[in-house]
């Protein structure tokens, strides 16, 4: 979204379903991890090829195949063929930079969301495309690189507590989306902390770098907002029951994720408003300071320039300058100068410059 | 909302219904207060545990259980179990920072609103999450800390005047929401007073602190607006009759609360517009003042710098400077100076600087 | 609306229908004026109490009871009781500061609008709440103080020309609203005249007071807009036939009032846009002027400061300064000075400062 | 709209249908022009009174009565009576300043649009109200003054080519509206040319008059937009088939006018955006220039003020100033001065001022 | 759109279907290229006249006639007659500058979109109107000049791989629109690169030309946005199945184009926001720099002006100036000067100017 996928143009005009990986190569090898469970049994292993996925489904077992790395087109295509994915879906999976959306393909539901993390060093929101395919008894998840926000979910599966082991694949889909959205608040806390730091810096002792940092963090907040914004509509679809793959019982949980999405967006908007207001304030403070500086300059210059002129007059070397030899000439000049200075000070007072 | 719940991230990825209190611990002990009444009888007491709440409902008695303090997860869970609340509802109750919303859970209606108060010292809007569960003959209300805006409602119950004692639990829910929304106007009066004070200060004798105070009060107004804004949609749902727990007779009263909510929002918007317009005005005034200061400096400098230069010329000590020994040299220099000054003054007049 | 009702907080938490007059006491005594007419007969009188209103309605006579002054709760309550008004309606009548709205209460239609006038001295829009109750054969109108925009309507009733005497109470309601909205254009003409005056002043010879006056008039325009804006929706309800108290024939007339309301709003918006654009222009002009001032200062200072330095050099009193006794020293210094000055002037020309 | 009808207030409170001409008297005499045609015959003449219009309609002949000048209330009323127009329609016809709208009055369709022209001298958009009544077999058109954009339409009627002579009155209504909207692009070309001229001027050699001209042209563009904006909704009504007076075949043509209306609006919006962006750019350029000017001043002043001070020191006339009689005093002072100047220049370089 | 079609006014008031080419003449000769294929056969040739197009359709063969150049009205009219196009469609084809839209004409579907390219030298988005007529078994495409983004599509037809050769004319229409929208991302990459270059320049070493270049690129981005924006609605129509000429299977592909359109728009919006934020940042940096410059000037001037005045005093030539002959006069003056300077430096420190 905000950060344009740079190789997007490579795909222009190609046939739909021509798989070209758009995005940086973020993993060295595609990794397939399989978790398969029902209320009683649980199996978790890394597999070498999609052929190892059991194809028979008993209606109770939930199979979750997670794919890390999208650059190996052949491996991804094998997964797609195995689960009968539409060429356009395959295209979207490898073509990172999709907007969040939910697409109903009868045999399965295709979901794309942005999985975000925060680079604390660079103060940047790092974005990864997460594709989730929710079919009858199985979940496929595709990530650009290893590492995700699903560890607590895997832990809940392993421990078998809560509703997860007793529910279907749609509930697992909820659990994944919930983990993604919950993590947005982690990002927001980082952004918020950064904004507060910069606010303090700007109102305290700002440098040009502070301004650039504010510009940069605003860009991050806008990027966050743009990547989460389409999720709002998608969540409405999910909770309203548009899709048969999501049972009525699970819909209520999507309502909860929907609420959290809206809160995340509103928090981002409020951070952006805060920054805008802060920048306006800073401009006013700058103007104010400039005013103060100008006043000092003006007062000093206005006070001494005329006096210096008078002194200059009597520093002239004309032979015929009667004042120079007057007895009270020098004190008289001092008197004139003090009068002028006093007059100016009164004028400044009147204009509230002092 | 505006103020990000700082511990939100603790919950990321947890199972729904895992109760983790998100928010500051604002009370030392959970307190349960029970009021139960019908047209004839009234009972009001503090109870030690939710087991003391009578579970049989005769269809006429209204039971109001108010809970102050959300940090004691066990106590809250006991209340939830006793009244059969859904895990997601329990989660929202203890996870403060929810957007206002109304959720129909068949057996009861779950309402969340922001109960606001104003810290006059710090000029801050203080926000507390109020959860209201409206069931068949009972009301549960959950607050973050002791102290609320319901004292007039309790007084009306005690005195037995008006419709309250003769009506059902839905009317009590209305009375509570009405008290919350009525109190918004108290907040707005404080904010308005503060805005007027700052307006006076800014147009009179502003300091950099005035600017920061305006920035701060704008933040408060935006926070107010963001916390009340979702209430607008919620009130439309309540007054339109979407929920069976609210009788037709009571809906008209929710229409009234809805009107007041919109008025509160519009007042907040107008305060914000006022501040924005004020800041623009202040920037113009600053520019204007700078202009005035610059003009004075320019006039004085432009007038005297050439004159001082002339004086400097005849302060040089060259041996061969014929003018110095001219008889009318000194008066001639004065004449030249006066001519130059007069010329400049005419030029300034022409440019409307004087 | 814009101007917060200052005593609003007094009502917080009270039972609905508890009548507390919110607003300034704007009349010394409540006055009840009764006009009752049909095609043939006309009666107009001031009455002492609501008991003098004839309660029997023959289906043809239209009874218009106008109440001036809302502070006497007892008198208002008597009227409400006599006509069977709902407690919430009573509350809204005395609680000035309502948004314009239309409420259907089966037995009658309750309308609230803002009746505006313009204080030419203070350049302020003065607002008064007008409540109209349209029942079967009668109209009640409640005003905060004496004086209104209905004199032409009363005149039409008295003269018996036009459709008014031949039509029902709904047509009288239309005539009253039409008079209110027609008067908005009188306000807009005043505001427009004021804006044009200020525009002239700002572009001609502005003072800081001009800026403050523009700020003030913008506030008035925003206040006007906010008070008229909700009328737009209300008029759509009235013209669309949502209410049984308005006959189909009369609806077309409400369409006309609706058109005028929209025009009034758009005129206000265009005045506001004008002011905004004007302020932006003024800021540019200020910057421009500052630039011009700075240039003059810079040219003069840059020209003379180096020359004055040279003169200063040869004003030093060192014993060993060979130049001083050179024969052509003085003319040579002049030559150097003229060269420097000419060089600077060329530089200024090149930079387009001259 | 933008330009408030100044005499609007004269009508406040009057009975609907009381005809008061609101607007400037723009024609000296009302002129009635009649064109009546079918596929075979064509009659075109100026008539003295509306009585000369043939009242019998054969279902094939189209009668177009054009009225120029609205100040003669009696003549307009005669036309209205003859064609059975509703009092509110009559009122709107003479009360110029209506928003564009389409009103279905069963027997006829009443359309109001703004007919615009461009005053090339004053760079102003000149607006005239055009009312069109489309009845069964006839068209009435009312203009404020003589001169319109319909000459090409009349020519097409006279020549009998194209669909016009073979179609009904609804097609003539389309042809008139199409001519009006087509002419908007003529206006836009003038506005565009003016904007481009001013852009060139502003970025080249701007004067305060350039700024005022930009302010003025922005006002014109906003006025254009406001007057065309409501046409958008009206065109949607016309093309969607809401009105029985417009045949299905003709609706497609209104779709075309609708497209052009939207394009005209978007062009106006883009002109406005261009101007705004241009003004922002100009402010930046001004700030930039000011910066450049200030730097020159600061460099010169900062360089010479300390040097002049040093020269001033040794221009003092103290009897006991040992330096003055040193042999190398004068060269030493020069050395000090050159060192100071060089140091400052290095400092300026380091700060990138040079 | 953004760039007003300059000859638009030539058409004002003409009969619909009067073909007047609006736009620059961008090709010297109209060229007709014919591609016709089914799963098995493929024919591709340039034809001299539209009469060479085979008129019989077997329901399987897809015929694509591409027309380059719109200035030869006669040739375009021949095509229109041959395929039975409506006069309004003909008018829109030659009248370049249409908004993107889809019009259902029963026998065919008429689509207009903007085909964009990027002029790398001038940093401008170049726009061409592409009209596509999708009929039963045929596609007509009209371009303003030779050269387009369809080469990959032609290649796919020639190679016979993918779905194109096996699908109908609606799929070819999809392939063309997809190629157009895919190319938008090429434009966006160019715009993005330009924005990043300018950002670097502005924050590094900006010149007034940088500002003008930013103004120019903003205009291009707005132009891009305006030309793509209406495509969004059009795509919704196409994917929702409003048109019978698009089969259900193809609709899913239009959903994909729709997604990409939205992404292109959002990317353009984010580029625009980036530029705006950058300009704001630059203004702040300018203000900051001005402040720094002013401080230096003020410090130097404020420090030396009083000292120079003191030196001026003792440079006066009064006969009676007792200080001049004091033994410690000169050192005393130095002491005074150093005290004054030190006092000022302390004052500056206190005000944080140093």
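Per-chain numbering from 1; labels A, B, C, D and E assigned in written order.
The rule we apply is simple: a residue touches a chain if its C-beta (ideal position, glycine included) is under 8 Å from a C-beta of that chain, and two chains touch if they have at least 3 such contacts.
Per UniProt, the chains are A, B, C, D, E = Magnesium transport protein CorA.
Worth saying up front: this structure is predicted, and the values here are computed from it rather than measured.
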**Cα-centroid distance, subunit A relative to subunit D, in whole angstrom** = 41
**Asked** In whole angstrom, what separates the CA-based centres of subunit C and subunit D?
**Response** 25
**Where subunit E touches two or more other chains at once, by residue number** = 283, 287, 290, 294, 297, 301, 305, 308, 312, 315-317, 321
**Request:** With chains as vertices and touches as edges, which is it: line, ring, star, complete or other?
**Result:** ring
**Prompt:** Since the chains close into one ring, what order do they take if you set off from subunit B toward subunit C?
**Reply:** B, C, D, E, A
**Complete:** The residues of subunit A that touch subunit B in their complex are 149-153, 156, 161-164, 175, 178-179, 182-183, 185-186, 188-189, 192, 203, 252-253, 255-256, 259, 262-263, 266-267, 270, 273-274, 277-278, 280-281, 283-285, 287-288, 290-291, 294-295, 297-298, 301-302, 305-306, 308-309, 312-313, 315-321, 351, 353
**Request:** Using the touch definition up top, name the residues of subunit D that touch subunit C in the complex.
**Result:** 1-2, 4-6, 8-9, 11-18, 86, 88, 91-92, 97-99, 101, 103, 208, 211-212, 214-215, 218-219, 222-223, 226, 279, 282-283, 286-287, 289-290, 292-294, 296-297, 300-301, 304-305, 307-308, 311-312, 314-317, 321, 323-327, 329-330, 333
